[in-house]
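The two complexes that follow have subunit A in common; it is paired with subunit B in the first and with subunit C in the second.
And now, the complex of A and B:
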């Protein structure tokens, strides 16, 4: 097997908390994206018998066609990577991951005889325990039992993939997805013992958006998660300073008020006089410790808690700047200025916009973190939001597979290299 | 293995997304024979974009028709744009477009560009004009819409089948060529002395043998060298 063959058959698989991005190097800049979820069909139901359904599990773009009642959704729909980690014995979650992986590989596997399998580069959370790596390698072997789709596989942590995609060998990557936020210093290799994790991501902002929608009289809509996410992305704002932003919003309601239409429906959402709450959504991602959130916790909104998953602590209420400082301070002092001088923000949870007319009151994620770090006495900081954050992990996978020589075998002590699974 | 093709509507929606607009609707313009329509909103303003493709511009009168339709849209939307393929930009007088408040967008396979921003109207001034006979008009429009959509769906399906067949043929040819080159390369490699590691590293920078352009994130990426030295 030649290097040339490997380079032409590199296949990236990014198991994000919310979306699964996949595809071979030949896709160029943009991978295929489907939701990282699977729907377990009730095969005894009348509908599945009418439709001649033979499988138990549906993944990918077909999922919406098989959805049944809203009550069944919670039980039958499985989001395997919601927390970035899959429990060892969570059979349903592993089944979804296997089915999604097969779906991805089969979608692009050429039919001709010269095809001898892809070089698969999978990317998972930096806090994933070793058993997840073992399970994934085993899964590739199992997929190969039917037909050789993967010649060799490797697994890299998502922050490393981000640093690779953005051509930065020394940096601190803050990757914030749906379920959690990972902070990982990188200096040619990920500095694993300096990793910090927060038990909140875009999902936490969704929960707050639900409460805000309920308060504004949209309690019925607040039950639909995809709609809540849509509303959050359209109305959420990150304040430069929350107290000042709230004062501004209350005296300039016309500038902050917004009315959004949900595509393909008659639904229109308008927070009216409660439009000031738009600033709470963004603030919550960066600093849930602000006193204003206490009233929501008091009314029953779940508070992000500290949890231990595998060997990693996920902090619930620690503010993001504090987490970055704690992570960097675990690295050698000589390295610290370099890590502060390039902080990369990646993941859908940093894509906040500043609408026209609200400049100065609302800010982007990079400005917010820079200000938070300055308040804590950290100067000479460069914070940048990566371009196309949704695709950067997949792109990093492609570069990794393209560059790492095929004769470099997997090493458990370094957690890198190619594992032969064919 | 396939490469995704973006439609003109995709690239146009992308430039407005940066300004906080999102796509509310994408449809064929029912009042016109030539263009498709994209509706974008930022929560406060709604912009309609009439998109003309190369095929439609082959018909005489396509541009006038699109402009007349766009004039009507001014009553319903805060701003109206016309989008044309980049090579047709010279046939449009920008000053006239600007005078009438139309936005102008040009696009090609690589992306879109807003040449003239649309003149935006105040919401209050347009809303009353939507009220009269709305229900009657809507029923008429809906039945016409269904007929048009059915026609469109069968046309698109036909085209899709043809494109898929062509793509299959091309992929078969490409794979057979790649196989032949691979065999030739392995024969060549057997006849040459074993390459040193340094030589392999230099090769890492080269393009894949198929001659495809490397993606931007691989160009001048220091990680390629760092990772290729892993041993």
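And now, the complex of A and C:
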């Protein structure tokens, strides 16, 4: 097997908490994206028999075609990476991951005989325990039993993939997906004992959006998670300063008001006089401790709680700037200025836009964090949102796979290299 | 060095590659196409891309003496075209001609057309 073959067959797999991004090097800069979820079909049902459904589990773009009633959704739909970690004995979650991986590899595996498997680079959360690495390697071997799809595999933490994609050996990566936020200082390698995790991401903003929709009279729509996410992405705003933004919104309703139509349906959402609540959605991601959110908690909205998963604490209510400072202050003092001077924001949860006419009141994620850090006395900070934040982990996987030499075997002590799985 | 260009004008692309070829041993040109555009380009190249179908394929085509590698991915309806050119090819206007072939642009004038143009 030649180095040239490897370079042409690098395959990136980014197991995000909400979306699964995948594809070979030949896809260029944009991977394929499907939701990181699987739907277990009730094969005992009469309709499944009549329709000749032979599968137990559906993943990828076919999922919506098999959905049954709303009541069944919660029980049958499995989001395996919801908090970035899969329990060792969670068979259904591992089954979904295996099926998704097979789905991804089969979509791009060439039919011709010269194909001897991809060089797969999988990326998972920095807080993933060792058994997840072992399980993933085992899964690749199992997939190969039917047909060789993976020649060798390697696994890297998501923040490291981001740093690689941006060729930045010393930086702090803040990777915020659907389920959680990982803050990871990097100095050639991830500084593992300085990693901080927040038990909130885009999903927390979805929950708040649901409440805002209910308050605006769209209680029936608020039950559908995909619709809530769509609304959040269209209407959510990050305020420079929440109190000032709310004052502005109340006196300039016409500038803040928005009406959106859900494609392919007759549904139109308009918050009307409650359009000021758009600013709460973005603020909640960065600082759920603001007093305005107390009224939502008092009415039953779940508060992001502190949880311990494996050896890692996920903080629920800590504001994002505080978490970054805590993380960097666990590193050597000499290194700290370098870590503040390059903070990279990655992940779909940083893709907030500033609509025309609201510049200055609403800001992008990088500006928000810079201001929050300045308020806490941290200067000389450089915060940047990576280009296409949703895809940067996948791109890092591709660059990593391209660069790691073929003859560099996997080493458990360093967690790097190729594991032969064929 | 990697240069990304979105929807380049064929002449501008030709000029860019020609300039780069003076400083580089070779230049790899890649096209990444998705969805409807991928289906159209497959048709322009005389290939089939059945959207949602199974099994990726690699095809090789020869255009103006340059070997084109075409990766066809039916399930996600994606297609990539790649080829390598050096100084010689870059200065023959091959890049523009390949670009036009990919996007079904201006057709090469036939002998009759050339004669007609000459007689005018």
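Just a few scattered comments:
We take it that the second predicted complex is superposed on the first by the 422 of 422 C-alpha atoms of A that agree within 3 Å, B and C clash if a C-alpha of one lies under 4 Å from a C-alpha of the other, contacts with A are read in each partner's own complex, and residues count from 1 in each chain.
One rule holds for everything that comes next: contacts are C-beta pairs under 8 Å (C-beta built on N, C-alpha and C of every residue); 3 or more make two chains touch, one makes a residue touch a chain.
Keep in mind that this is a model prediction, so the values were computed, not measured.
The superposition on subunit A brings subunit B into a clash with subunit C. Between subunit B and subunit C, the partner in contact with more residues of subunit A is B.
Of the two partner chains placed around the shared chain by superposition, subunit B is the only one that A:399 touches, whereas subunit C remains out of contact.
Residue contacts after overlaying the shared chain place A:188 against subunit B, while subunit C stays out of touching range.
Residue contacts after overlaying the shared chain place A:27 against subunit B and subunit C alike. When both complexes are overlaid on chain A, the residue A:294 reaches neither subunit B nor subunit C. Within the superposed three-chain model, A:112 lies in touch with subunit B and with subunit C [touch as defined at top].
Shared contact residues of subunit A, touching subunit B in one structure and subunit C in the other: 26-30, 32, 108, 110, 112. Taken in their complex, subunit A has these residues touching subunit B: 2-5, 7-8, 24-30, 32, 108, 110, 112-115, 163-167, 169, 188, 234-235, 258-261, 263-264, 353, 355-356, 395-396, 398-400, 402-405, 408, 416-417.
Interface residues of subunit C, counted against subunit A in their complex, comprise 4, 30, 32, 34, 54-58, 71, 73, 75-76, 78, 80, 82.
By the touch rule above, subunit A contacts subunit C in their complex via residues 23, 26-30, 32, 106-112. Taken in their complex, subunit B has these residues touching subunit A: 1-4, 19-20, 22-25, 41-44, 171-172, 175-176, 178-179, 182, 185-186, 189, 200, 203-204, 208-210, 212, 215-218, 220-228, 230-231.
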